[in-house]
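Supplied in structure tokens, the structure appears directly below.
Note that the chains are named A, B, C and D in the order they appear, and that numbering of residues resets to 1 at the start of each chain.
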């Protein structure tokens, strides 16, 4: 385990949001790590806290409603939560950078593409304008954008969704970050563009050896991109394993349910399996397993006690009473 | 746009002919006997059919820029308007400057520090400012800053100092509207994704606000400020009367009090024309600010 | 969004408008404007100022500095309103007369004690039956445009103003003249229909100024030549430079003025109209202007304390009154009129509205007017007034509308009086109008009821003080008797007084007239306001006349 | 079931509204103002039209509002007799500073009336004799203490006759206003020099006016008016030269008295030797106007000395009238036009929109001014002008909501079952627009009151003497430019009224706003 060092190590991170006076924990004591050069997939339905976790890593949780209530986020051995804003800013966009789901609105409409890439370059390295300009054009080439000199001085509204996502990636990787957090980068794109973006990210990963935290709810993407996967449900990590085990030997009923709902080209079935019920609203389930209401294999114990993460075989954990050894 | 202008010239023209009081009688008083009265009506052309008179009125006004003669001072209205136009123009420009300066800064501060005391304070003072009558506010400013402290002259024109109190008074009302508008516009932009991207780049919060957010938030504010500019002229009428500022506003009020119809006619036309012109300029400037519109 | 075509059209239109507006001001002004044919009714703000020139006889102690000392400099004067004309023959408002008094001179003038003093005439004497007065004129006097002053100029001026065709405001003022005869180059005789001992004081009036004949000829040739704005060519120590509407009127020193000792001591005088009284006060305090009048009584006390400002207060010849229209029968009963006189607390009026700057009017003319005789005042007595009202035909009171001018002083007086009349059952509604509009309404004489009036005889003598207001032939639209007060007995006495050459006899008749008027109470007699004038400490040589007129001809900086 | 009923749109709206404490407070204020408008005049402390001084009596307030008083005086003859003031020959009266107080003879005696606060002296003269009274006029600012002055001189009148060669030492008392006396000539001479010496500085004001006014006030005199009969030296010793009537005068500035001697045995006629005032100090108050806010007048008094609080209370009705009636007219006309234009569309719609554009081409207050210029000043014209100014606003919002409501299926359903258009408009569409109209109604009232006040401030309003807030401010601007309270309180009334309407309107609008959580 120790031969490749963990780039990021999160231990029982808890994030609470205040609404109408009450404080609800949207992320409830999650722990996982990302090894250098590894792509970790974070899977879960929307509302399970995966985006909030990524924002907390970047230190971008809006402070009045949200608050990091506990746990640590260690990046290269240092706990990011202790960083002062000034130091955190040095990390953002330089050591850890992030790309978002909605390319159409992620770029500032009134600034040119070039200016938006230069901004991150000038922030973190002392270059002058021309050096920044060249570096930006180089990045545009790197992410596969045709006629980079011309695009450099265009405005965002002149580019398509895919192109804009490429620019976002260019911005993200401009300062060779050690960790790139991609929050559902391809969800808003149509399939063909999605494939191009994923291939692009794959090559870039080889070239730059950046570790990626890939947040998605699309298991197909996970299969293609990720080395290891963390499954989240209602603010908790319910399963963590390498990608092959996930598809071949999933343990947690929720993971099974997710996998069950993927249509297989080979099989022909009339009705796709879908998990009954909905994700419980954060903070409504006080005790017991949060998936209990929707779990086919629910036992009494599940409703009573909150299941811990059981260690399955090497590197495989699962939060479900089925696997309690007692 | 054009038909509205056309209708206004008709209204302004009919103004003289429908209002009570015979123009000759007002100009020359009761003394002149019937015979010279008829002779004058003929010479002034009041007996011609309305359409002919309207034609002559439009010809004089649009081509020669001659708004006729004031009944009271027997001087050319257009000359008087030109001299006084400068006074009103400076006053409105400077008060718009104050309005934007105060309005935008307070708007941003209360938006960025949402629900803090500053924000609540900002909101309360805005709604109070909107409820204060401009003329009373002017009187109070005059009482405090001119009479009590003596920092500024109470009224009249002359040095730049004379301009401070009137422009602040006029600008204050509009500033309040701009604060509200800026605040909501900034709040909206803050929710945009690109602001999050900027922060993700490690940009300082102040730069995020003053360049990324402001640049986008200002576009609707400028449009709204442009519209407010028109209402400034209305406000100027009152403020000029309070501070005895010899602009077009006080000229209109004097005109109305003395039923000096050529003056009223010319000024109503001019004010509404100015108002439409400003709306047009705002539309044009909208394109300049927002690149997306420019290339359309 | 505006279509592209729409934008271009509007830009072109706006340029056209701006072009048109600029183009208008370089053409010669008033190409077809109807020039000064303003038969503006002689209104009772007629406190025009006699053009008191210089006191060449009683040398004042402090201006022994001879004329040659070059003190120079420019005087700026803040006046109450925009002058309406530069033509003395067409002027009825005080502000225009003040400006004109620096440029124009007449045959005679009044000094500070209202005595008649020679100016362009060296001497004058009445015929024994007081129907003629012959003037021997001064020689070597030139107008600002270089033309000579002689007897013919006098005749041209007087004939021109008297001719009602020219529609000049002052034509009725000279209606007493029957004929003007030129004896020789420097003697001229004025003949009147019936005997008139006041002819000299009429000729000392500011409207009896002499204009250069060239100007009169220019007017006769070109119908539209605007004497009001152009024709200011007189013989005075200053000459006309420029008049820019609502900004200033500038007059400058006239070097070859005929009277060397009294050459102008300053290079230029600028008159600036400032309607807002508090602004005038500020401009004086900041030094923007050197002299201002009139001043609101509220600020007068405060100005008095400042050391570098001198304040002058002295009684004027203005009489404030409430006029009533006798065509409404509610004013028929003398008891009603006397009740109203008793109902108004004049002491309170002076204290409250005028802050003490005024005295009670105890006759129809002011004490400074030649021929004045005081009457016992209608003391403030609400119960007595109520009794009079109960005993009168209007015992249960009545409604009335009170017209007044829309200046602050007039509105406060009207408000004060209205409140006090309500105490005895007269329900008064105050209506304020701009002075020009008000005079038109009074002259129309249709629905006049009550109005606040102010009258001051420019000639400073009783006839012009009383006749225009009380003679039955001076009802609207023909002069100031807007209340249609008909009293034949008084008419005869007016003519009789005018006809007696013997001074004391005339005085007795005027005393009797005033007593009759006062007892018959056609007016509610109010007060005589003080003239309040404030100036910079180092400006001296300002002459103030009992009529409140200000003369600047000898102004200089210490 | 009740859970269902609880969620009717109005109840949700109400709950959302009640959550905004500020708006509820403003609503309370609005109600309070309405009550003041309706019932206020009954509780107003004073009659707003009449000056307060006239009302103190019947209010039982016996404040010594003495603004004028008559002076009792009498003349003393040389034979000791006393003469009533009506018989004093050519009695003359004058005050030193007419602006502080004026004095004149009336049928009922000598009357002094106060003008402004300060201290001055009144001189009462008859022939050679005169005496002085001190006048103190109390105003808001307390008078600094005025040092006492000699008011009258009483000279002892010798009864016996004298003969040539006799000598007589004059003795006298010069009474001061504080009761003290001066009895020696040196002391009186020193007092007079010190008091009147200073007044003599030369008038350098540079104003030349009529010479008639200021004759010189002589300083100290001790002289004989009948030189040939009697002479008097510096120390006041009288020498008798001849037979006949001898008169010696003592004058200290404006105060002078005489003493009569009979030389020889020929009886002399008694003459007036001095004027004696019952009280030598007259205290008056300058309670004329601009009384500062006090317990009696919470908002103080205006330039006609009327109670500002009562005027504000009475003014409420008129201001609310302008606000409500004009907005009501504007709303009704605007809504109807908006509904018709929105529903029918076509030429009616373009006509109405064109009209709205024209009306909106004039910036706010100018449209109202143009209407006033057209109709002339007056309260009803103000209401109409403000109404005209409100119509376009309502046309716009109602037309917009009608357009959206028209597309709703329930409207199509009604149309399909043959419901006539007018019924559709007023029963189906109109209630939908009602909520928006209600919100804008409250907000426009604030604006209407502001415009109404501005119009009457500019003098375009109704009766300028009426207790209406706008004209009160207009009068204050002219008559009380440096008096703070006269301008402050009417303005404050406007601000509070408009503010409460605005906050209340905002509250309504937010309550209607779907985004706002319950």
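Simple rule for what comes next: a contact is a pair of C-beta atoms (placed from the backbone, for glycine too) under 8 Å apart; a residue touches a chain by one contact, two chains touch by 3 or more.
None of these values were measured; they are calculated from a predicted model.
The chain with its Cα centroid farthest from the Cα centroid of chain D is A. Taking the mean of all protein C-alpha atoms as the reference point, the chain centroid lying nearest to it belongs to B. By count of C-beta pairs in contact, C-D exceeds the other of the chain pairs C-D and A-B.
Work out the mean CA point of chain A and of chain C, and you get 92 Å between them. Averaged C-alpha coordinates give centres for chain C and chain D that are 30 Å from one another. The geometric centre of chain A is 54 Å away from that of chain B, both derived from CA atoms. With each centre defined as the average position of its C-alpha atoms, the distance from chain A to chain D rounds to 76 Å.
In chain C, the residues that reach two or more other chains under the touch definition are 278, 406. For chain B, residues touching at least two other chains, in rising order: 154, 257. With touch defined as above, chain A holds no residue shared between interfaces to two or more other chains.
Chains that are in contact with each other form these pairs: A-B, B-C, B-D, C-D.
Interface of chain C with chain B (complex): residues 1-2, 6-7, 9-10, 13-14, 16-17, 19-25, 29-30, 33-41, 82, 84, 167, 226, 228-229, 244-247, 274-276, 278-279, 282-283, 286, 288, 406, 434, 436-437, 439-440, 443-444, 476-477. Those residues of chain D that touch chain C in the complex are listed here as 49-51, 54, 67-68, 98-100, 102, 104, 106-108, 111, 113-116, 204-213, 286, 288-289, 303-305, 459, 463-465, 475, 478-482. Across the complex, chain A meets chain B through its residues 58, 60, 64, 89-94, 97-98, 100, 102, 105-111, 119-120, 123-124, 155, 157, 168, 171.
By the touch rule above, chain B contacts chain D in their complex via residues 3-4, 7-8, 11, 15, 18-20, 127-128, 130-136, 139-140, 143, 147, 154, 230-235, 237-238, 241-242, 252-253, 256-257, 264, 268, 271-272, 275-276.
Residues 354, 357-358, 361-366, 369-370, 372-374, 376, 446, 450, 453-454, 457-460, 473, 476-477, 481-482, 484, 487-488, 490-491, 494-495, 498-499, 501-503, 506 of chain D are the ones that touch chain B when the two sit in their complex.
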